[in-house]
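Take this structure first; my questions come after.
Labels run A, B and C following the written order; every chain starts at residue 1.
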């Protein structure tokens, strides 16, 4: 039985990582909650963000927390255009066609990355990556703390947007009642595109943080897509707080599993959780009852 | 024993009492009309009888045996078939194939099912349209397809949900005579939801009036239509008696 | 001219090993193998409307079980294939029961299929019996002598095996489509509640489709093991592999008989064509083939949602829908 300090460290580490996971899943949840689009290219977009950060940091000798801003803005634009020009036409098409469209986009993204960067893993090196912060008996990586902090800030900003701004309220109106929203003059296509842009921006922030914690390869996509979905299902599809809660839960369970079992088997935990939730509470922990 | 017995059926939807203790009976080879303003709970009642929705209390019995709680496919095999208010043809299949799907509920042999389905299509005037995609049919033709498909499962009780909606008077009369024919010749009982009073008066031997999820009154058509309660409920609504 | 086309094509197919060089033959095997897997996938999606994005699971199960039995115990594929089928049936029915009993369909179901494949991939990475991440390699002793029992021999042996599988799947699909199962599956795919109201126990029939599809795919996995002779969990259970499997039927035409074959042909020609072109130009581009596949899928979903074959068919024979 490992020492209690060690266990606490592992759990804390899991919570911090989980917050970043939660932000990533939030992007997925927001898009689904508003537009009912299931973004199967989610993991590939995350991977793309990780690569973008790695490349930017290397090229400009910059810190990921600095490249965060241009990368996020760029991804917002990417998401906006993707929705407006491509995905929008598929909103009313049958479900499996939508899925296949996003699968196609995922395939193209993943393999363009392979083409451009090759199969080797990349990561971001920073000066402070070996530092740790002491909180009483606990010892955590500074990087992890900063990453989690950034994720938290981004999440709060997103919440503030949806609750506090006119546009945010308009988007929530669209989610509730599309036709009604149109009737009162809201420009749905634009709002949907903004939503997708925001979802992608979340993924961009999360990706920029994730590359500090993990390596990335062109094949990383599917694992992150799966992770995102597991979190969203566990937390409740369409619930923003659910995505965060789910993220932390998954982060902790992965961390603990990594401690008890071999670390490379940790994704099996996610699968087990998915089965459990789908079986016993398909609406998720905080989701609306179907 | 009556063929169908609906016994104090209750169905709530998230706090809204859609059906609040409805009882009715359909006897062998009887045609019963179910009328009432929109939102009275008629379609919900149909869903409950057909097993598409679970009821909260009460019981539905068919030939004396409990059918409430059974799956829709089990209820079909027990002898109850239905049409849908918003029509649901298998759009990608041909008209004939649509009916064959129904016929296969009773027929092991595909060849037999095909033969029976063609005969049914003829009976409902869709013979020449047998091989075109169901999606290409006109509205009245789709209605008839829906009926043919339901009939293919050889029901003893047919639930018709607003099957006359959108039809012209001549088309309505055609449908009415078809139903009278199958009722007379094959003894198939019918429970129909209708707003088109012309059809209800021509078909039903008994009318049940539903309002706010409860039975307002029931009885012979002539009486029900003149009842002051019913007129009050329908005031402001069109009725072409 | 037209009545001669079919027998001529059949003749060419039968005599291909005599007419083609080894490169062309390997392409033909690739097309047939892809078409076979596509037909297997088609039973589940095209016929019964259940989208599986994790079909590589069954290829891997079939390959590893039959391959493993050969590797460890010298048991030939004719025995191994039954184990493979049994495993596929158990897993697929379990998944189906889980999904359908709890009303998991559409996206959630697709997600479940991905998760299962991923879980198995990671799992097999850690198993000793399967050789772990290093992979499993079946011994290829000699390429000249035809050993039917162990499926070892010259490329023509594999060609005829793939051809038999492909034709067999086509015949089976056709029979299924025209049977009660075919009617019921299409009804379920079109409108499940309406199908139920017509006396169809939709869960039972969906399970049947899933089981048949999985079993067929596992048989493909057995072929995979004995043809490619090397198995890696990372590759065989990967999401990429699952997507490759569905590309052919989606591009060719979901739910049609000829769709997976047309799709397999188009994809392989595109893939090999681009690889050839690149090697002529002296460029190396790993992943380019997949990018092209992805773009092809995109184009198909955008412009030809029913797939190449149905669109082609309605152009060639304007009467038929």
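Just so it is clear, a contact is a pair of C-beta atoms (placed from the backbone, for glycine too) under 8 Å apart; a residue touches a chain by one contact, two chains touch by 3 or more.
Keep in mind that what you see is a predicted model, and the values were worked out from it rather than measured.
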Arrangement of touching chains [line / ring / star / complete / other]: line
Nearest-to-centre chain - CA centroid comparison: C
Chain whose mean Cα position lies farthest from chain C: B
Contact-richer chain pair (by C-beta pairs counted) among B-C and A-C: A-C
Intercentroid distance (Cα basis), chain B paired with chain A, Å: 49
Interchain centroid distance [CA atoms averaged], chain B/chain C, Å: 44
Chain centre separation (chain A, chain C; CA means) in Å: 32
Of chain C, residues touching chain B in the complex: 178-180, 183-184, 186-187, 189-191, 193-202, 321
Complex contact set, residues of chain B against chain C: 50, 52, 71-74, 76-77, 81-82, 84, 88-93, 97, 100-102, 104-106, 110, 133, 149-150, 152-153
Touching residues (chain side chain A, partner chain C) in the complex: 38, 89, 93, 95-97, 99-101, 103-108, 110-115, 118-119, 218-219, 221-223, 225-226, 229-230, 233, 262, 264-265, 267-268, 270-271, 274-275, 278-279, 282
Footprint of chain A on chain C - complex, ascending: 45, 49, 51, 53, 98, 102-104, 106-108, 110-112, 114-116, 118-119, 122-123, 125-126, 238-240, 243, 250, 285-288, 290-291, 293-295, 297-298, 301-302, 305
